[in-house]
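Take a look at the following structure, please.
Just so it is clear, A, B and C label the chains in written order, and each chain counts residues from 1 on its own.
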Amino acid sequence: MLFSRRSIFLRLLPGLAGGAAVSALPEAVGANTPVYPVQKVVYHLSEPTRVNFVMGNIKNHIDGKGGPEKVKIVLVIHGPALAAFRASRASPDLRRQTEMRAVDGVSFVACGNTLKALKLQTGDLLGKFDIADEGGVVRIADLQQQGYLYIRP
Amino acid sequence: MLFSRRSIFLRLLPGLAGGAAVSALPEAVGANTPVYPVQKVVYHLSEPTRVNFVMGNIKNHIDGKGGPEKVKIVLVIHGPALAAFRASRASPDLRRQTEMRAVDGVSFVACGNTLKALKLQTGDLLGKFDIADEGGVVRIADLQQQGYLYIRP
Amino acid sequence: MLFSRRSIFLRLLPGLAGGAAVSALPEAVGANTPVYPVQKVVYHLSEPTRVNFVMGNIKNHIDGKGGPEKVKIVLVIHGPALAAFRASRASPDLRRQTEMRAVDGVSFVACGNTLKALKLQTGDLLGKFDIADEGGVVRIADLQQQGYLYIRP
């Protein structure tokens, strides 16, 4: 046999830039206990009533995986939920949670369309937000296409 | 080496009918900037309070990708949200939005179970709906299996 | 040609433990009508107001696929929705639905963090729950990584 299963995958994997298919494949192909690569997850938040719940879910996700180096989380916020992250109005608890998750490596993404609708700029938000000029829903879809799993609590 | 990375993929791809794995793979395997195929997304709508929000998300998605030819969107509606699409009761704004998105190529799918529960037929709905006789949730899962990304705003 | 498309896949498949990529691939690679393997779906429930809706969705999913042997469903419950499954307070209808779905092979998973917050143990819940000690959201992500499709009604 010219190609072992493993050798075919090793040949295929290096050229692939984070497709869903690839990131979901166990690293140790053929092993009894597959070892998955670092999990990548996009969290989707739009409802203002679910802000604290989602922030808690993300903390639990990191803890449950065994630490911030075990999972890469992107939180994409669009719609009315984004208003909760205005620095001038955010609760002290949300401010603290946002800071701690940023230290953990969580990326915060604000929908550019929502920012315009709310007449806000990135500097008006807590912490360090990346702006999705293409829109929050497009960012969510693009991240899935790059291998991110999707959770909408 | 008998198979280049690219040649193996080119051999595999033509025979595959839209599996999630494949549609998510960048077209230019091995390139520095992967080019993804046309994005396919299934939007999931069940809450009546989220009808207008989701219709706006879909418009933003198309705009954010650069036009209707850049993304294939299917909107699957089940549960109480479907009642908002009754032609006899729909708001003028929803009627207009539904018409414009249909022109953009968005597919509207109504859950067959919900239609029965509401004692409605497809002709009672705005525009042109496809009926999911297998149920809205099955349609959503089947579309994912065919490579559609999932967004539930 | 040393490897047919099919033979490469047959060589690759046995060594893979349910990666999303693989489970989403049609079984009959190259056939005009792809035959997908048994569909695996993780349902996500966190809102107490959506308990009955989700239980109905799962019943419809099984019926719509043609029976319990055609789909493997895992229901992961976290947050306030879990309280509805307390044996001492659950409605007779929810008790009956939970029993019937268990007979259908649906797996019920309770978030370990939520159980602690509610000061509940697995024996306090209806039927037979698996506890996700790693947390409900981690379980949801891990199941997706193992090839489960995601539905959040």
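As a working rule, contacts are C-beta pairs under 8 Å (C-beta built on N, C-alpha and C of every residue); 3 or more make two chains touch, one makes a residue touch a chain.
Composition by chain, UniProt nomenclature: A, B, C = DsrE family protein.
This structure is a prediction, so every number in the text was calculated from the model and none was measured.
Common neighbours of chain B (DsrE family protein) and chain C (DsrE family protein) under the contact rule above are A. Different-residue interface: chain A (DsrE family protein) and chain C (DsrE family protein) share under half of the residue numbers found at their contact.
Between chain A (DsrE family protein) and chain C (DsrE family protein), the centres computed from C-alpha atoms are 22 Å apart.
Counting partners per residue, chain A (DsrE family protein) has 2-3, 8, 20-22, 150, 152 as the residues that reach two or more other chains. Those residues of chain B (DsrE family protein) that touch chain A (DsrE family protein) in the complex are listed here as 2-3, 5-6, 8-9, 20-22, 24-26, 29-32, 34, 36, 39, 41, 53, 57, 60-61, 63-65, 71, 149-153. Those residues of chain C (DsrE family protein) that touch chain A (DsrE family protein) in the shared complex are 2-3, 8, 11-12, 15-17, 19-22, 44, 46, 78-79, 113, 134-135, 137-138, 140-142, 144-145, 147, 150, 152.
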